[in-house]
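Presented sequentially are two complexes of subunit A, the first with subunit B as partner and the second with subunit C.
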Partner chain A sequence: MTGGLDFNVIRDNLLYFFIGRYPHGPLGGVGLTFYLAVVSLVLSFIGGLILGLLSISHNRVVKWVSLTFINAVRGMPLLMVIFWMYFLWPGLMGRPMPESQTVILALTFFTSAYMSQIVRAGIEGIPKGQTEAAISTGLAPWQAMFYIVLPQGLRNMIPSFVNQFVSMIKDTSLAFIVGVDELTHIATQVNNRTLVFPTEIFLFIAVVYFILCYAFTELSRWMEKRLAWRKAI
Partner chain B sequence: MIRFEGVHKWFGKLHVLNNVNLQVKQGEVVVVCGPSGSGKSTLIRTINELEPINEGRLIVDGMDLGGRGTDINKLRAEIGFVFQQFNLYPHLSVLKNITLAPIKIRRLDRKEAAQQAMALLERVGLAEKRDAYPSQLSGGQQQRVAIARALAMKPKIMLFDEPTSALDPEMIGEVLAVMKDLAESGMTMMVVTHEMGFAREVSHRIVFIDHGIILEEANPAEFFRNPKHERAQQFLRQVLSPMH
Partner chain C sequence: MLKYKFDWAVVTSGKYFDWLASGLYVTIQLSVVSVALSFLLGLIIAVMRMSHVRPIRWFAHGYLEFFRNTPLLVQIFFWYFGSYKILPQAVNDWMNRQNFEFAAAVVALTIYTSAFIAEDIRSGVLSIPKEQMEAARSSGFSYLGSMRYIILPQAVRLTIPPLINQFLNLAKNSSLAMTIGVAELTYQARQVESYTFKGFEAFTAATLVYVVISSVITILVNIYNKTVLRPMRAR
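And then the complex of A and B:
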């Protein structure tokens, strides 16, 4: 209280910060944050790819429906998407859903919409001659997309993907609003219990978020190098 | 092999192909020339439907383009196309550039496809480049790989759209040599080019096009000695002038 920071509160609750009540209860803390981020990341990648491909479809209806969806989601704050999922989805599906799944679904919807536009730009950035060359050898347009355009496009998309995913790791913190025990929620709990160490606690979780994001950025940089081929001309 | 009957094509208001009537028989080598913007690329690109036509009939290898029941992917597999800008796949090695379509479309197994690709690379003089990537090759080498890639599908027709126009002068010869060799092997070819030496020496017929209209069609000797149309005379003066 009287000047100086006291990080004992972190040490005393360290395990709680990292895994919540696990193994005696559900996984929480950093572990849950990580879980939410990774699962949403994988799902958003798939969702973004599918939505992106649909949004450049030659079928007008498919294109219009997907673009409407994308623009609707992009026009909403993430918090609202989470609320929508939280309050409306169980009614729609006729059964309740665990909060962490609600959040994963919301993050996936939200991030897929943004990712789809990265995918679209990445695909449109590949010269038309590539598709023309491929279909001229008899490949079907989908094969040209799959074997020629996407592999080149995806590599160009990596930096934008990484930005999007780093935002998403941070966005998992919004899950605390529906009571998911991820890192931010745990931090507010500990803070409410101890009352006197807010600076230490929130400094600590800021560092944890930073490390997570930084590690991810480094990982993707390494991936980008491994995927490198000798650039054309 | 290829038959245009009253073919028209518009880009918006621009009338790019105007009542084209043209036949190319099996084993024939036809050179298409004309000023820039006259519709040469569009003409040759309609043959594998990279550009669909708006009016008339176009019959290729017995199939009616735009006809119901014509499988365009299947038809394209029978037609090799060589681009001005090569358009090799930069993320694939030379070998994989060549084997992709035979593996996916002709269902060759990897080994067969690789053997066949090596034979083609020998033929274009680039066997030692099998594992190189396109960006490591010169323009002339890239274009020769592009020709090998097209030949790997064992096409019945080969189309060339200004295959040497993007090349440094010292590399033009190596590509033309491959094309000449191909012509002598009896391949049906349609070549858009300004290389009048190639036209004179290798082609059976020259087609001169301007503003989307075929103005003249003649055998090379006749075309060079005595071009009938004034625009063709003017064009020849330009491309044959030493200043060009």
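And then the complex of A and C:
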């Protein structure tokens, strides 16, 4: 042990950790972490739904192409995806993109592949008889999917989506690498400025992340129990 | 309109190929060392989590929840920048004599992954019928003995696919070690990018390596499921 821990550094920078320079500058800290996670989650829900539906398509080519894409993305580290977006998007599009949008794009691209698996499992969890009944009452296959199967399947997927949100919050910490002012980047800034309190700073943000993520983990568990109970009756 | 000129020779031969190859070597080293350690640690935590002594169970539960719900990057920074204040001086001295970046990355990856592995092992153990434990205990095995000789050998066999999945996650997660200067694959790809401006080629090569590794291992797991687990379940 080299002396005790001194948490004054946290108290002095508390507001900075939570909102960055917000009223006078862009939103940062926990606020930006949350914003990145929510926006990317909504976008990757849409992406995951599309990919998930494509991956159970009856058209062999569509199915094969989407499954290959999903498996390839699941084999990549998120950091690699962020670098792809960060270094290559400007090169390919000919104009730069704000870093936070780069990160949202990368997180969406990455998480959509994982979301598609949740969507797929959710749809496959609905008994086949439902589709057959729907089709025999005269609905087209796509109508059976959108009016009968998906509404029920999506409800069962909610706990998994919440879990994915927890992963998303953790993943936003990688935005640090391209200099987006979310919680981890703010922490490294404060650490570089104060130099002698790394233990206190990283312990503090670990606890902040933990509280955020644990709350949603518990929410997902609670929902799962409630859904199981509803299904039982 | 694309004005970019592709030059694949940059990454398929010569100095930059060597950089990427050495990066791959470090990635494999990091993943293999960490997965072995986190399997051992995860096994211990899983057994503690199922203990009948409450404080031990609570400790294991707290450990699991804390390390699973905290970003790996923050944990890496904590061990790399912050651990010196909470570790005994002797450990600090020892760590500094090692390759400190590598050691910090191994510690962070091990602790993070062990929390996930412990849960996988626990669900493997829970899927073994309770009667087996009761039979083992009534024929004279101690709690740890029945775990060691009866329950765990079966549970581990069931747990192999999720464990390999964790190994794949670990291999991908090890890319975060670049943030503290461990020269693994992602780090080297970025080095090549900044020396040659051939980012597209460098990142493609590195991405392909990751994807190929994970595809090959995934295929092997599927074969294992078909040849070992399905007959075992059918019994």
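Definition applied: the second predicted complex is superposed on the first by the 214 of 233 C-alpha atoms of A that agree within 3 Å, B and C clash if a C-alpha of one lies under 4 Å from a C-alpha of the other, contacts with A are read in each partner's own complex, and residues count from 1 in each chain.
The rule is short, and it goes like this: a residue touches a chain if its C-beta (ideal position, glycine included) is under 8 Å from a C-beta of that chain, and two chains touch if they have at least 3 such contacts.
Nothing here was measured: the structure is a model prediction, and the numbers come from that model.
Judged by the touch definition given at the top, the superposed model places A:L203 against subunit C, while subunit B stays out of reach. Of the two partner chains placed by the overlay, neither subunit B nor subunit C lies in contact with A:W222. Here subunit B and subunit C are compared by how many residues of subunit A each touches, and C touches more. In the superposed model, A:F87 lies in contact with subunit C only, and not with subunit B. By the touch criterion stated above, A:N71 is placed in contact with subunit C alone, subunit B being left untouched.
Of the two partner chains, subunit B is the only one touched by A:Q143; subunit C is not.
Residue contacts after overlaying the shared chain place A:R155 against subunit B, while subunit C stays out of touching range. Shared-chain residue A:T184: touches subunit C; no touch with subunit B.
In the superposition on chain A, none of the residues of subunit A is touched both by subunit B in one structure and by subunit C in the other. Every residue of subunit C that touches subunit A in the complex is listed here, in rising order: 2, 4, 65-66, 68-75, 77-78, 81-86, 88-89, 168, 172-173, 175-176, 178-179, 186, 189-190, 193, 199-200, 203, 206-207, 210-211, 213-215, 218. For subunit B in complex with subunit A, the touching residues are 48, 50, 73-74, 76-81, 83, 85, 87-91, 100-101, 104-105, 133-136, 146, 149-150, 152-153.
On subunit A, the positions that touch subunit B within their shared complex are 127, 129-130, 132-140, 143, 147-148, 151-152, 155, 229-233. Considering their complex, residues 1-3, 5, 71-72, 74-80, 83-84, 87-88, 91-92, 166, 169-171, 173-174, 176-177, 184, 187-188, 191, 198-203, 205-206, 209-210, 213-214, 217 of subunit A touch subunit C.
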